[in-house]
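What follows is a group of structures, each given as structure tokens.
After this come two complexes, each holding chain A, first together with chain B and then together with chain C.
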Partner chain A sequence: MKLTTLGKLCCTVATVALVTGSGAFADTSGKKIALSNNYAGNSWRQAMLTSWEKVTGEAVTAGVVASADAFTTAENQVTEQAAQIQNLILQGYDAIVINAASPEGLNGAVKEACDAGVVVVSFDGIVTEPCAYRIAVDFHAMGKVQVEYLAGRFPDGGNLLEIRGLAGVFVDDEISGGIHEGVSANDKFNIQGSVHGDWAQDVSQKAVAGILPSLPDIAAVVTQGGDGYGAAQAFKAAGRDTPIIVMGNRHDELTWWKEQKDANGYETMSVSIAPGVSTLAFWVAQQVLDGAEVPQDLSVPFLSITQDTLEESLKTTQAGGVANVEYSLDDSKAVIFGN
Partner chain B sequence: MSALSQLTQKPWIWAWLGAVSMWMIITGISGISAGGQVLSAAASFGTFFVIVATGQMFVITLGPGNVDLSIPACMTLSATLAMKFMNGDASLLVPGLLISLTVGLAIGTLNFLLILLLRIPPIIATLSASFLYQSTAIWSNRGLRVKPPEILGDFAVAKVLGLPVLTIVVLVLTLAMAFMLHRTPFGLSVSAIGQNIRAAKLAGIKVEKTRYLTYLMCSVLAAVCGFVLAGFSGGAALNMGEQYLLMSIAVVVIGGTSVAGGYANLTGLWGASLFMFLLVSMLNTVGLSAGFRLIVTGAIIVGVVAISGRKSSV
Partner chain C sequence: MSRLLTPAMMRTLLPGLSLAALLAAIFYLQPRTMSYFGLNLLLNLAVPIALATIAQMFILCVNDLDLSLGAFISLTACITATWLNDAPLIGILALAACVAAYAALGALIHLRNLPSIVVTLGMSFVWTGIAVLVLPTPGGSAPGWIRTLMTLKPALVPFPIIAAVVIALTVHFGLMRSAAGVVLRGAGGNPKSVERAGWSMLRVKCTMFALAGFFGVLSGMALVGLTTSADANIALRYTLLSIAGGILGGGEFVGGRVSPIGAVIGAITLALAGSFLSFLRLNPDFQIGAQGVILILVLALRLLINSRGTRA
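On to the complex of A and B.
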């Protein structure tokens, strides 16, 4: 009797040790982690939440942490999310992972959480409060890499059409800044027009259709994700040759690219952020609770798809969804301690 | 001379003048062939504005406080459920359309029940109920973008003599709506209620029944618009309706329909829809920023409301 209990215990310990890897084990098994999310109204955010559920669900089952609940505010408002964070502090969560509605607006609530001994990890929409951990995406580079790719395709340059995101949002300014920096470094390129597609295919389609008649021949379209398919539809409707459109990892964009590739050898690239970055944030919070030394500022690579990886990416991307990477503990450790 | 002054008295004239001047600026910059192409695009995309704005126009005509803010959520839910059900299968097109219509009928009914039974002002009832619709859309498919049946996509982008088929269909719809507004008891009741609800009641108009039918029609049109838009743009998306909240109201107001209710204008709806599309295209062509575009749009709406408000107080 005693022996079997001991055996079970050993077995549990072994499992936990296996899951948490080397170092301290099961230190976090009693810890509660919450996700405070400001918005869920598009497919990228839905994929982000699905990844969180999947990875943290497995972690809870394995006993790595006690719970990992996700909370999304209804209105995408700073005040609402600040109140939500205060509630999470009162409910006794040990760590709060935040995708923030504003870089500065939540700093008061974040400071309160830190003062109460709660670990705060922000990602995607990061917060500037120094006590929080930040997992930032280099959106600037995401814009620049597109022009660098095009410079390889068009050594003599050419005319570009830029599709931007939602006006007034930090991410839109960053990606566009990167694109413009890339263009000034490769001055054979000209941005002939710039429209806002709000990261939505139908809005992009409309905006591109409106400006297209006024544009000269366009060699390539630089984008921000969620807009490439709409742009392709607008070019088709206008009866124009399809330019090189940089895609944004959405399933419909990759499918369209594959069709073009099979039909006429179309070549392009695709770049966006993997929604599974939420799972990296989860493991960072877990590692901090575990007592690991984690740098305050981390950066996460964006996810690029090339001509060679297209088929493989298309296979692993859920129909109608967006190409994704979910992080295991070991993947996360590589990001945390690798740089 | 008097013909000209009569023309400037028409509430729809300003929207059309705006649309024509935007088109002339674009044509002046980019040439006549570009002007022709942009007009075709304007007809194509303006059609979607007209569909939702027609419903919104009838609602606003019911008088102060009447507005439907659930249009974006209704479009999203209708398109999401219909696309998911059809799953790209053309043989399911008719049942898919029926699902979309049912969503419209259900939402219109629910909106009106909240307004009538719980006595919630329409602006709050439709806004809060739209959370329910949007959440249902999220829950049902979690934002996955399902492709429409090919035949629906083909229909949505088909053109005859450079004019989109969809535009022709909606033009016919507009004519039917104009007949309904000016020649049927229902349309006249809507205007009467908006002009003076007490007088309308005393005249024996069934006010609540008319209001119900109006909200019902608005939701059904929004649902159909979502269905066709999903066909046009390659699938339903959770944020596909976002632009249509402000746009449905802006198009109604700029088109010369009275914000205070009682006076609807379908001619202006088309002018305003073309104007809104051409305005954005013009600003993009000139290279002005999105911030400037939003300022201009806001200023135009405020200006139009201020002018039409002054007229009704005289």
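On to the complex of A and C.
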């Protein structure tokens, strides 16, 4: 998706080139970068891996790095991923990019990697070990922004239904924390019920259908992504009015939104993280190997889609996929050195 | 020469030979592993698995099966990363209570004559529940002395190898070479005759379950020493790994036939199988299946040796 206009991009490129003055690809052409991923079982993770393959594939062909292989653990377990990281160290990778199963549980293996001189960059599921680089998403704000949008839509407030993600995962706690903070700031809203949708449409549909009979009129549904379409189906099946459902950038959610928009002018918003953040992590690793001074903690904005950008986003999102932003080297430099 | 190659001898040697073959393949694929640093990284996560396998072996020995071991080790890991670190006395008491709970489980299974599979499967949910209560979100930190011990870099021989040898030999001499060990194993092989000889089966079961609990606690502590923190699901895979490791190392699902040295070797073999497959660049979707194939291959070899033994 082209969020950045071409002109703006050219400007950034020019400034970055002036500021850093580094165009040396040769420095990292012999380096090997690996991706250690803990889970590949949903559309977001699949899109993340596809983005990685596409962007790193081009980088390898262009000779920027020697190789960039992706490894996914067979089971989403800390012990598996720790062993995988230790194997990657032994395979001689110069940098390891990690989407971690746990923020703390991999610290031992990450420390081993740092001690062996391997650059570690974590993103999405970040690790807390100080020697690693972190590309964090402000999940808290991602929850809060939904309530702020709804406060604009419903000045008098109303009843909310909250759909949460996978219980026990820190991302779920963060987004939910943001939603609850937003609600306590706008006390006209009431969260009437809260279910776990596991970031999956089918689970969400079942969970929402289960709680609906016990709920009063719902003005809006706050979500975490991957659950909006299922919620809409549950409301339809129960014969209730469709509330404002905040979407999560998935293709089925955007398609449904577009249908409703065309049929009856339905308005909502959509927010999630772009799976292409894996490619940003790749470039950060490459820059560190290149000898650039990169801050230990970086943050990336989440990707929101509004009523106006819906058509454009839907056009560039693959069926079954997630709206995405892939980072080029120059985009990444803008993120790394821009802030 | 022919005396060396008797089926009994080959059965004893099989776990060691499988390990050696796997290790040779890994050295060939990835020569970097053939160093102090490489062996350390390759084997350190096998230490908690080896301890878990020994724990499972005690249960296998009295003809039972523990399906809650992974959840139990997760719990002890959570306690280690929280209470044992913040308030060592409470931590030690809580871990001792875990061992006592295991002994009580053994008593329950024996007195009510319950199938251990059902009791331990039920208990696995209890352990996970308590673990979530102790540590609701992933975190905690490893007590300094455990971290120091697990990251020890002794001269010449990497720590995981020393640890594996110490564990294997300690349990070997305790269970296979001592008078008490003979009774404990006998109770698994032929409970009736042991009971008739005047030994209390209740005490035997309690002792074996308590030993399993004790090694489960050690496994949880070792795991936290490596990962530096815990979560409630950290060791769920250990249930199946420990059973597979015990069987791979020469144990059998009939009581009394176990081998501590074999169990440690089996655990290491399983841990190495994962590394081997990832060095092969095998698609992760096939890795679990391939691990199963390695297991079946070794067991098939053992069956072959056994059948030759009965024919001879």
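As a convention for this text, the second predicted complex is superposed on the first by the 314 of 339 C-alpha atoms of A that agree within 3 Å, B and C clash if a C-alpha of one lies under 4 Å from a C-alpha of the other, contacts with A are read in each partner's own complex, and residues count from 1 in each chain.
To be clear about the criterion, a residue touches a chain if its C-beta (ideal position, glycine included) is under 8 Å from a C-beta of that chain, and two chains touch if they have at least 3 such contacts.
Predicted model, so just to flag it, every value in this text is computed and none were measured.
When both complexes are superposed on chain A, chain B and chain C end up sitting side by side without clashing.
Contacts of A:F71 after superposition on the shared chain: chain C is touched, whereas chain B is not.
When the two structures are aligned on the shared chain, A:V325 is found in touch with neither chain B nor chain C. Contacts of A:Q86 after superposition on the shared chain: chain C is touched, whereas chain B is not. Touch criterion met: A:G108 reaches chain C, while chain B stays clear of it. Within the superposed three-chain model, A:S214 lies in touch with chain B and out of touch with chain C [touch as defined at top]. Touched residues of chain A were counted for both chain B and chain C, and B has more of them.
Once chain A of one complex is fitted onto chain A of the other, the partner contacts of A:D202 are limited to chain B, with no touch recorded for chain C. In the overlay built on the shared chain, the residue A:A151 is in contact with neither chain B nor chain C. Minimum C-alpha separation, chain B to chain C, in the superposed model: 5 Å. On chain A, the surface patch touched by chain B in one complex and by chain C in the other comprises residues 40, 74, 168. On chain C, the positions that touch chain A within their shared complex are 30, 32-33, 37-38, 41-42, 44-45, 132, 136-141, 223, 225-238, 271, 274-275, 278-279, 281, 284-285, 287-288. Taken together, the chain B residues at the contact with chain A in this complex read 26, 29-30, 33-38, 41-42, 44-45, 131, 134, 138, 141-147, 157, 229, 232-235, 237-240, 242-243, 277-278, 280-281, 284-285, 287, 289-291, 294.
Every residue of chain A that touches chain C in the complex is listed here, in rising order: 40, 69, 71-75, 77-80, 82-84, 86-87, 89-92, 102-109, 111-112, 116, 168, 170, 173. Those residues of chain A lying in contact with chain B across their complex are 40-47, 50, 74, 164, 167-168, 193-196, 198, 200-203, 205-207, 209-214, 229-230, 233, 237-238, 250-252, 318-321.
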